[in-house]
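Have a look at these structures, which come just after this line.
Paired with chain B in one complex and with chain C in the other, chain A is shared by the two complexes that follow.
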Partner chain A sequence: MRRIKKEAIEKKLKELAKDYRIFAPMNGDVKETGGEFEECFPRLSGKCAFLPPEEEILRYKDGKVEETPEDKPIILFGIKPCDARAISLIELAMRDEKFPDVYFLRKKEKGIIVSIACKEPGDTCFCTSFGHGPFSTQGSDALLVEKDDYYLVLGNEKFFKLFGEGEEAREEDKEYFEEAKKRAEEKIEKIPIDNLGEKLLSRIEDPVWEKISRKCLNCGACTFLCPTCYCFDIQDLERSWGVSRRRYWDSCMFSIYTKEASGHNPRPTHRERVRNRIMHKFSYYPYLYGEFGCTGCGRCVVYCPVNFDIREVLKILGGSG
Partner chain B sequence: MKNPYLPVIVKVKRAYFESDDRSLKTIDVEKPEGFSFLPGQFCEISIFGRGEAPFGIASAPSEDFLRFTINKAGYVTTAIHWLEEGDEIGIRGPLGNYYPVELFEGKNVLIVSGGFAFTTLRSLLLYLLEERERYKNIILIYGARRPDLLLYREELFELEKREDLEIHLTVDTEFPGWTRHVGFVPQVLERVNPPAEDTYLVMCGPPAMIKFTLPVIEKLGFPPERVFTSLERRMKCGIGKCGRCNIGPYYVCRDGPVFSLDKLRSLPREY
Partner chain C sequence: MIERIREEARKAFEEGKIEILIGFGRGTLRATPIFIEKKEDVDKLIWDDTCWINLATYLRRFRGKKTGIVAKGCDARSVVALIAEKQLKREDVYIIGVPCQGMKNEKGEEFLSCRYCEYPTPPVYDVLVGEKREGKKENYPDVSEFESMPPEKRWEFFSEEVKKCIRCYACREACPMCYCEECFADSLDPRWLEPGLSLSSLQFWHLVRAYHQAGRCSDCGACERACPMDVKILYLTRKLNKEVRELFGFVTGLDPEALPPLGTYSTEDKEEFIL
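Moving on to the complex of A and B:
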């Protein structure tokens, strides 16, 4: 563990804005900044740095197809550890031997993710349910813990090379770290997830889905704000010089997401769509990649306009509620 | 890292209407160099400025062009219907899996199809006929509402003359000059009564046909693990990333479109 002056890191980040695109929480959302950041739990998660809401994937110009050129590398700074972890979860789906998602992976490989430990978790957080927590380092190149005018840093070479090494942490720093970690973890509600994937699978035709999905408006807020949701739509935009093919965030909550040209829709009602969202995160994702597609950040609970609480759903379906 | 989103530009070699009502158009396009596939796979066709949509490959792997037959249904397919010889389009592929032709070796193969779902089955049929001696009996049962809606019918009428292949073509109702079967596919299947023993069944058709054919298949004694079908879903990326075509944990674009009935029965009915 190292300790680096806050000032030094803040100053360095502003300098790095010359050669990097800096994404950080600002005015309540993660967005591109000039190196400024604010300490908050942003509404829009860190995924928007590596999987932007709108992104060109190719150009068609003068009868030829061109790959979209790479931009400057990205520094994603100041997000919570759950958001950093979420990006590593998205990576599981994007990293594919036969069909790698090059636009995500190139950004990810050159990018740097710096998270700030979550000393004051909210009452909708449930990250510890998944074996990680407010001080988790998974997916982060460095984890910073605020202490007075210093950051205590658990980082890799990539981080220290850019931000400097500071000094070796003192014994009291390590104690502070452990204590803060323990205090934060204790505040977080744990949801039982034993064999959740199998339990869900066995209840796929259960009438309870009807009840669970009834109040959902299918507005899609949960999926856009979710740090692990990565579904996208592809559209062509005609420009004076040719065609720009772009991808946009999409949501499995929308009926048109699966509706076919014939009018047939394989997921025609709220029941199938809500079921797919829950199953994808808690049954299909673990089946495919060995990890739940949820970090327990609680955004879908906070921002749902009808108070759909995924924790309650998991308790019902996991058999403990 | 190879970019899987970039299409290859190819020229349309031929474009013609397949049916009298102009709802179905066939395009034969140049086959890009090194393009190799097996029957059942599909391509994403790009009409730049309009978008991309997935279509099964109807040509045989050995043919020197790629064939697609397209029903005019939406935004992209309408633009495909405007294509003429010499126009350029983009294609990505081959994508998806294929009919398990390795399993068919030394076995009987029964192909059951209805309407314009026949496309990839033309590819399969020609593929099987190329190395005819590897398979036992090959039977095709194929129906449509009207004779002009039977895809590639001139070619099928020629194939009917072969002795090493049994073809049953049917239309829903009597038509002047039509001398083959009359009736729906499941009825003809029951009438033909093919043996289920040692036989693999490949079935593609509209939902109504599938619905009424399934009980017949069961009655004939085909176990679900020897029945294969190809599914269609709305797709965008075609490579298992954009998310929409999943059935349970499987993506129709990447893990399908070919599934055994056995596998489908273990999944939520989202197709």
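Moving on to the complex of A and C:
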């Protein structure tokens, strides 16, 4: 563990804005900044940096296909550890052997993710349920913990090369780290998830899905704000100079998400759509990639217009509610 | 109040008036919609100032079933508007009307739509629970404020607000009147508007959404409250409601027999914009 002066890191971040695109929480959402950031739990998550709501992937111009050139590398700074973890979870799907997602991966490979430990988790957080927590380092090139005018840093070479190494942390820093970590973890509700993937699969035709999903309005608020939801749609748009092929966030909550050209929709109602969202995160994802597709950040709980609470759903389906 | 609501709900089940009841139950953060199928469950119903979802949104899912709804003034007006548009049959809906005390956000502040609410008491109901409440007669002071801005300021305000939108369509899905089989925003052939978050797409979405509500919106405000990004949109529908009242003397959701102005034509219609 190292300790680096806060102002040194803040100054460095502003300098790096010349050669990097900096994304950080600002005015309540993760967005591109000039190196500024604010400490908050942002509404739009860290995924905006690597999987923006909209991006061009290629152009068709003068009879030729032009790949969209790479932009400057990205520094995603100041997010909570759950958001950093989320990006590593998205990467599992994007790194698919047959169809690797080059647009995500090229950004991810050159990018740097710096998270700030979550000393004051919220009432809707349940990150510890998944074996990680408010001080998790998974997905972060560095985890910073605020202490007075220093950051205590658990980081990798990539981070220290850019931001400097500071000095070796003292014994009292390590104690502070452990104590703050324990205090934060104790505040967080743990949802039992033993064999959740299997349990869900065995209940796929259970009538309980109809009950659970009834109040869902099938808007996309939960999926768009979710730091691990990565579904996108690709469309070709006409421009005066040719065609722009772009991708956009899409949501499995929308009825048109699965609507086929014939008009048939294999997920015709809220029941199938909600079931898919839950199954994907808690059954298919662990089956395919060995991890749940959820970090327990609680955004879908906070921002759902009808207070659909995924924690309650997991308790019911996991057999403890 | 809540005991009266539960009592009327129980009675409606016992008398065979309803097969299912849409009401509010205790959620984890605030009141949440619940669907009751037997009288033993009516004790799950609650009533407080976080019951701000417009429950009429769910009614079309239960078409063909005798459906009860716990409705505040604006919910009941949306039910009436849905009946007027032939989306529901009056005899299939059983309205347990609740004179509304006004709904509040998590900070305890009353919502704008409630602050200026003209019809806290459902104008149409099968049974009314509690004393009637008088509405306010202030004729859209918030809209007048918006109207007093010069056009370029109004456009700027509108544009700054819609820039926050992520097109999750929570506003659309929370609205009882947004029931189109295919929303213009989802249509690919013809593609009325592009996907994505370009300013013109966002402006297009919000303007057309609002225009489709003219004379159909009950001012409930559920659209704006559903928005996770805090985009202000209520002033648009409220402006159109004000216009519809001035031009056609029509107020949405008071009479299931009255034809909505956009669904009818009269030679008496004002045409001031032509001359």
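One rule holds for everything that comes next: the second predicted complex is superposed on the first by the 321 of 321 C-alpha atoms of A that agree within 3 Å, B and C clash if a C-alpha of one lies under 4 Å from a C-alpha of the other, contacts with A are read in each partner's own complex, and residues count from 1 in each chain.
By definition in this document, contacts are C-beta pairs under 8 Å (C-beta built on N, C-alpha and C of every residue); 3 or more make two chains touch, one makes a residue touch a chain.
Because the structure is predicted, anything quoted here is derived from the model rather than measured.
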item	value
Partner chain in contact with A:P53 - chain B first, chain C second, else both or neither	second
Chain B versus chain C as contact partner of A:Q235, first or second or both or neither	both
Touching partner for A:E260 - first (chain B), second (chain C), both, neither	first
Contacts of A:S283 with chain B and chain C, given as first, second, both or neither	first
Which superposed partner A:G220 touches (first chain B, second chain C, both, neither)	second
Chain B versus chain C as contact partner of A:E91, first or second or both or neither	neither
Which partner reaches more residues of chain A (counting touched residues only), chain B or chain C	B
First (chain B), second (chain C), both or neither touched by A:D141	neither
Shared contact residues on chain A - chain B and chain C	233, 235
Chain A - residues contacting chain B, complex	57-58, 60, 63-65, 67, 93-94, 96, 98-103, 105-106, 204-205, 230-236, 238, 242-243, 245, 247, 250, 252, 257-262, 264, 266-267, 272, 275-276, 279-280, 283-284, 287-288
For the chain B and chain A complex, residues of the former touching the latter	1-9, 46, 48-52, 73-75, 77, 88, 90, 207, 232-234, 236-237, 239-249, 254, 268, 270-271
Residues of chain C defined as touching chain A within the complex	27-35, 53, 57-58, 166-170, 172-174, 186, 194-198, 222, 225-226, 228-229
Residues of chain A that touch chain C when the two form their complex	43-44, 53-54, 124, 211, 214-215, 217-221, 223-225, 233, 235, 237, 246, 248-249, 251, 254, 256, 301-303, 305-309, 311-312
